[in-house]
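The following pair of complexes shares a single chain, chain A, combined with chain B in the former and chain C in the latter.
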Partner chain A sequence: MAQDTGRPSGTHQDGNRLAGPLSEILRAEPTTAWWRCPDCGRSGPLAELHVYGPEPGLTARCPACSRVALRMVPEEGHLWLSLGGATGAFRFRTA
Partner chain B sequence: MTSFSPGFHGRPRALADRLPPGQYPTESFPVLSAGPTPRVPTETWTFTVTTETGATRSWTWDEMMALPQQETVHDIHCVTRWSKFDTHWRGVPLTAFLDDVETAADHVVAEAHGGYTTNLPLEDVLDGRAWVAHTYDGYPLSPEHGGPARLLVPHLYFWKSAKWVSGLRLTVEDEPGFWESVGYHNYGDPWREQRNWGD
Partner chain C sequence: MAAHWFGARLVERRAQTATGRTLVLDIPGWPGHLPGQHVDVRLTADDGYQAVRSYSLAAPTDGERVELGVQAVRDGEVSPYLADVLPTGARVELRGPLGQWFVWRTGQSGPVLLVAGGSGVVPVTAMLRAHRAARSDSAFSLLYSVRDPDEIWYREELAAPDDRLDVRVLYTRRAPRGEVRPPGRIAAADLGPAQAGPGTVYVCGPTGFVESVADLLVGLGRPAADIRTERFG
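And then the complex of A and B:
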């Protein structure tokens, strides 16, 4: 059930918040992933991403310039994943 | 014997009749975030309508506040299942920004500071069904709830009511927005429970 997140507006969690849902569709350990921002060039481990949500979905952003790194929306039996945004979205079956 | 007053305004519509399927009522006003909260000063705020040909028309804050204002009361419904009854808003109906625009578009993309977008049929934001709202419950809209101004489209799930709205882009083709492009329903009617892409 939806609840207020209990955190002040606009605050975030670290990128390891993505590990659970990503592990449903990846064989590799998500927390070992590195990313690179195409806008500002910042790179680092997954944990450095700023993650907003979980509702209506998880939005991970570059900690330096806020560009969206990925968006994830779980729904019954599926996980929607968009990397960056310009490439469209993928719907994975999870159940 | 205890008696109950029927109240001054007659019998109110039963709350259960005002609750779309799958929703629960709340007194609070939850805040959901997909990014940092933008702080947009009214001194630099603008609202821009862009047509499918690229023609633009912009309003400053003062110009927007000089347009005819409306007080409006609505039930609002979030796709995360909370509903809030009788929310009080003040703002400018979108018709005021769109009436003089020449367009063949059937769709709009609402754009917001911070990069958020959401798509709507043009007809859904005309005829007093959508506003640029700047006042909530008698006070200036707080940044957490989309201030200084947000879109208000109360007949659709609340993700369509874009916070920190900066303009409308008229489009011939429908362009799914921030949440619509990653699994949420393209239209989002709470009474038909259009939450997800497949609903």
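And then the complex of A and C:
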């Protein structure tokens, strides 16, 4: 857990990286949450989704078929969260 | 998990490699953590600009004191500052403990294979330290891939004899004299003997390394459900 470029690196991290921002709005542990891809049927924990930047935007995708599972933008005092790659986002207050 | 930002103070910094550092921080009110978990560190500049980065915890819970592993990334925005500039005594904000997927629990039974690339050794070191402290009977093995002998973190600790921990270092570019295995990336032959049998495999390192190890393990017949991964990009 040490990516530190703050810009697109052409590679990805994984859902472990989302534990911090998601824990701002969830009471339950985020990284063990189970997810099933509606396109290819792959299932697994949120920790195994592939997560792409560039920060502050983070997009989590299915490791098998790249379908968007969620998008988020943490900003000071808020977290924007869009589930399933659809347009529109929830804005959660975090502070 | 209702994340919480804590105020933390840097109390000690130790060099592990030319660019790898151990940072020891005091965090009043720290609730403790599980081996393998990480924290988010937030730095705020004088003009209010903030940057957040994730770093793994390198040791099991020790009261309000935590140990982070920080690899300075060239041109990085945060890691070179944390690694070499932030003065001892300075304060940072820290959110955690984070992540309950990439963790080893003391009561967990069964053999464990740890596969680390570069500074990916940090969270698995928390696991093997916890394993040692708990005098756990589970067999632990560590396969540790590094570029050359100068890149080994926790060198003395990993070299110390321990009959319940099997450590094997794999060199990718330059091996020390006497090493039989020619330098090269981790391959099925490296994983073959170590991965036999049931139990959990934890793989942490750069993304390409993690993907390649996970593919090799699945190719060797290891069930994907036994493999837990953490990629740091």
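Operating definition for what follows: the second predicted complex is superposed on the first by the 84 of 95 C-alpha atoms of A that agree within 3 Å, B and C clash if a C-alpha of one lies under 4 Å from a C-alpha of the other, contacts with A are read in each partner's own complex, and residues count from 1 in each chain.
The criterion applied here is as follows: a residue touches a chain if its C-beta (ideal position, glycine included) is under 8 Å from a C-beta of that chain, and two chains touch if they have at least 3 such contacts.
Here the structure is a predicted model, which means the values were calculated and not measured.
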item	value
Chain B versus chain C as contact partner of A:88, first or second or both or neither	first
Which superposed partner A:71 touches (first chain B, second chain C, both, neither)	first
Chain B versus chain C as contact partner of A:26, first or second or both or neither	second
Partner chain(s) touched by A:80 [first = chain B, second = chain C, both, neither]	first
Chain B versus chain C as contact partner of A:17, first or second or both or neither	second
Residues of chain A that lie at the interface with chain B and also at the interface with chain C	1-5, 9, 11-12
Residue numbers on chain A that touch chain C, as the complex places them	1-6, 9, 11-17, 19-20, 23-24, 26-32, 45-48, 74, 76
Touching residues on chain C, where the partner in the complex is chain A	1-3, 38-40, 50-56, 69-71, 73, 75-79, 95-96, 98-102, 119, 123, 206-208, 228-233
Partner chain A, residues of chain B touching it in the complex	24, 28, 30-37, 78-82, 114-115, 143-144, 159, 178-179, 181-184, 196-197
Residue ranges of chain A touching chain B (in the complex, touch as defined)	1-5, 8-12, 50, 52-53, 55-57, 59, 61, 66, 68, 71-73, 75, 78, 80-82, 85, 88-89, 91
